[in-house]
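Look for subunit A in each of the two complexes below; its partner is subunit B in the first and subunit C in the second.
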Partner chain A sequence: MLVGLLINGLVSGALYALVAVGFTLVIGVLDKLNFAHPEVLMIGGFVAVVASGLPPYYAFIAAFATGGLLGLVVEFAAFRRFTDADAKITAGLASMAVGLVLTDLTQKVFGTESVSLPIGGGWLSRRFQIAGVEFLNVQIVIVLATAILTGGLHVLLQRTRVGRQIRAVAESPVSASLLGVNVLRVSQAVFFVSSALAAEAGLLLALRSGAASSDIGLTFGLKALAIMAIGGLGDLRGAMLGGLVIGVLEAFMFHLGLGRLSELTVWLAMIVTLMVRPRGLFSSGTHGLEQRA
Partner chain B sequence: MTSVLLSVTDLCAGYGPIRALRGLTFQVAERETVAIVGANGAGKTTLMRALSGIIPLSDGEASFLGRNIRGTSSHHLARAGMLHVPEGRGTLQTMSVEDNLRLAWEIRPTAVTFGEALEKAYGRFPRLRERRAQAAGNLSGGEQQMLAVARALVNRPRLLLLDEPSMGLSPRMTGEVFLSLAELRDDGVAILLVEQNVRRALQLAQRALVLSHGVFAASGPSDELSRDPAIVASYLGQSHDAPPDNKRHIANDPRR
Partner chain C sequence: MISDQLFFTGINVLLAWSVYIGLVTGSLSFAQGAFMAFGCYGAGVLTVKFGWPLLPACLVSAILSAMIAAVLGYPALRLRGVYLILVTIGITFCARVALENIDYVGGVGGFGGMRGADLNAVIVAVLIVGAFLLWFSFSPLQRICDAVREDDRVASSLAINVTFIRLLGFSAGAAIAAIAGALYGHYMNFVRPESFDVLLSIYVVLYVVLGGTNNMLGPLIGATLMTLLPEYFRVLAEWRPTVFGLAILAMLLFRPLGLLAFRLVTAHASVSAPRKSGSL
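The block that comes next holds the complex of A and B.
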């Protein structure tokens, strides 16, 4: 029972973490808050709908590509021109506008009701047992995908040329460009990766719930914001840990019959955390990248 | 004859209403080492920033390897072979010593492998080898300055812009740094050097320009300038080893 609860919590937490990691990556490297991020997550869910006839493998690639491309669009439409320090709010608002457009377009195509996945059942919802604990295949898929994606991000940042350039820009765009780093290309790479992770999270979320809906962006986005604040804005480890902890806490709250209250968990946790540590669990801010993703 | 690397004509630059540079004209030829000396606030750092594209020219022209510096972004200039080591070093504090060096090496494809380049830099600065895995921010000020110069060693630029490489260094480390610079110079790297330790600067450079309130007040071959009574009085003083103003401020650090 307890183990099952823990697993449920970790699975939700993995999804939170995936969204929050992408969200916080843009803050950590570029010092920008991308309010279109949750809507890219939402669109990831509809990738699951569109690709439902194909092997799941394709859906993952499609979500990654769709999310990444949307990230490039968002960077161009909402952030490219607003580079001054005092244009940060303008850029945030512009990204919110892009997010609203994405929601509207999705509703034009798929309607405002949630769309269930045609073969949402099948293999993903099959159960199996290990040592008396029951698992769903989709839970394993979510945990594995999250591990691979965040592990991949870690390797990208720590071991590759692009990763070194990203870390350099995170610390100082001027110093980086004096070393020949193209800051614009790095921004694009960061938006691409961040949004690709969001779309993957949306895909996984849709696979778990068996449906995609155009109104999850706001709820999920606000939650991810709170999780980022708990973890420390811009810190990948913090987002990861915060996501998992909130997922587990929510599962237990729900179990205790505090169903309604479980939605408040994340906010209570945020208030308490920030009262104790005003800058979040890991207050490394933009410098949190060299630690674990 | 050697060709011109950097050509500057009537360059003006500043910060909003502040006109820090008011019409500078000079050239740096291939393999040449030129020192720029001048009092605090004369505009030396501003000149370096304008040349590497961090701040725009408000008037005049400048070109590097035939490229107009106006309208060429910093990273293109860096890739073309202009390495600006800014005042306050510009090392990446959160990255390891080795990642700093690798970043500098990766940008400019050369025949030298990273391993070879690294060996050479560590050979010159053994301290850095000991600290290779440390974040640059955990190095002492002097070690960070070594890292900044080591980065130039692995980057192998065509033109090195150096803003006060001896800042905060002990006399012995200053000696090490200048030995490395002499090596780079002898390898054919052109250097434009801003340095408070004017004696050392004039020893390294073939010629020097004296900047005063945004204009050049004097210029000439180093050995002539070091005999000029006015220069001696203003910049060389009596002391033989200590620089006239061994300041440690990092107020103009371009990092945000």
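The block that comes next holds the complex of A and C.
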């Protein structure tokens, strides 16, 4: 029972982490808050609806590509013009407007009700037991996919040329561009990667709940924003840990019969964290490479 | 139906002004939905459960909301920019979930029985708040707020109590939002916690962004346009969020500094020289 609860919490925590990592990547590198991020997450769920007839890995590839392309669109529409530090809030508001448009267009295509996926009873919802603990296949898929994606992100940031450039821009955009880094390409790469992760998270979320709905952006997505703040703005490790911790915490609160009050957990935790330690829990306060990106 | 439309226009204008008065001191608040809910439920409890008339209930709930805002804002307003946005979004979520779990005011099912507000009440409220803002924009207080918004360190070196001024702006915004909420509740007769969603707070802020934050007319125009236009153009009503979002984007793009980087056009035309100003 307890283990099952823990696993449930870890699975939703993994999804939170996947979205929060995207938020934190944008804010860590470009110092901007991307409010269109939750809507990309939401659209990832609808990719699952569209691709439900195909073999599952097509859905994952499609979600990755859709999310990435949407990220490029968001970057172009809401962030390209607002690069200087003064326009931080303006860029946030512009991305909020893009988010409104994305939500509305999605609702025009798929309707405002949630669309259920035709996968009930399939392979994903089958269960198996290891040492007396029941697992759902979809839980394994979510954990594996999250591990692969965040592992891939780590490799991208630490081992590749693009990753080195991203870290350079995170340190200082001006010095990076003086050293020949194309800051525009880097910010496009950041938006591509972070939005692709969000769309994958949306896909996984839809697979888990068996339905895609157009309002998860404002519920699940904004919760991930709060988790990002708890972990520390721009801190990848913090976003991962924060996601897992909050996921488990919520599962236990829910189990204790607090019902919808457990929705308060993450927001109260965020408000308290920001009051006491505005830099976030895990950020050690230095802007070293490891901390920021 | 014209009176319905005018009523909602008035409510939205009040809400837009409540955001504006916070912005004047440099704090962008997404907690307007929460303060509207406080006002609505507070006044509703007073009129329905205690039998008060609408006017005193409105005023008391506005004062209560201002006090709640002061308590919440005192620690929150030390944070600026992105942090303040996050905390105010959090306040909106918490308020909604809290209301859904208080059975005294109906919980998720909603709270009903308020009545008594009509179009005239809103017009009076808009006129009073408008007159206050007009007085404010010609008063020395406006220039103190300008100083706090543009550079709080300089302001505090000029013996301005920055925290107090920002708290004042935040609380005044909360009070205005509470009045809007109280009138809204007593006009609709029935409200649910989900009426005061975070989406509402986002919309209200975007009204202000669309209309402009330089003076009190901007929010008025933004809110009026976005409420009334969809009523008269079918296409706009159908595609409301899209058109609204694109309008915001266009506004922000064609004024590259962004509407939030204030061009100092105060009521005093003589100091209207445009200059690049600091971020929020």
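Note that in this section the second predicted complex is superposed on the first by the 276 of 293 C-alpha atoms of A that agree within 3 Å, B and C clash if a C-alpha of one lies under 4 Å from a C-alpha of the other, contacts with A are read in each partner's own complex, and residues count from 1 in each chain.
Keep in mind that, in the parts below, contacts are C-beta pairs under 8 Å (C-beta built on N, C-alpha and C of every residue); 3 or more make two chains touch, one makes a residue touch a chain.
Keep in mind that this is a model prediction, so the values were computed, not measured.
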item: Touching partner for A:R164 - first (subunit B), second (subunit C), both, neither; value: first
item: Touched partner set for A:V181, first subunit B, second subunit C, both or neither; value: first
item: Contacts of A:E263 with subunit B and subunit C, given as first, second, both or neither; value: second
item: Subunit B versus subunit C as contact partner of A:L6, first or second or both or neither; value: neither
item: First (subunit B), second (subunit C), both or neither touched by A:S172; value: first
item: Which superposed partner A:T103 touches (first subunit B, second subunit C, both, neither); value: second
item: Which partner, subunit B or subunit C, touches more subunit A residues; value: C
item: Partner chain in contact with A:T90 - subunit B first, subunit C second, else both or neither; value: second
item: Common interface positions of subunit A, toward subunit B and toward subunit C; value: none
item: Subunit A residues touching subunit B - in the complex, by the definition given at the top; value: 161, 164-165, 167-168, 170-183, 287, 289-290
item: Contact footprint of subunit A on subunit B as seen in their complex; value: 52, 54, 73-75, 78-79, 83-84, 86, 90-96, 99, 102-104, 106-108, 135, 151, 155, 254-256
item: In the complex, subunit A residues that touch subunit C; value: 27, 33, 77-78, 81-82, 85-90, 92-94, 96-101, 103-105, 108, 218, 222, 225-226, 229, 233, 259-261, 263-264, 267-268, 270-271, 274-275, 278
item: Residues of subunit C touching subunit A in the complex; value: 28, 75-76, 79, 81-83, 85-87, 89-91, 93-94, 97-98, 100-101, 108, 197-199, 202, 205-206, 209, 239-242, 244-246, 248-249, 252-253, 256-261, 276-280
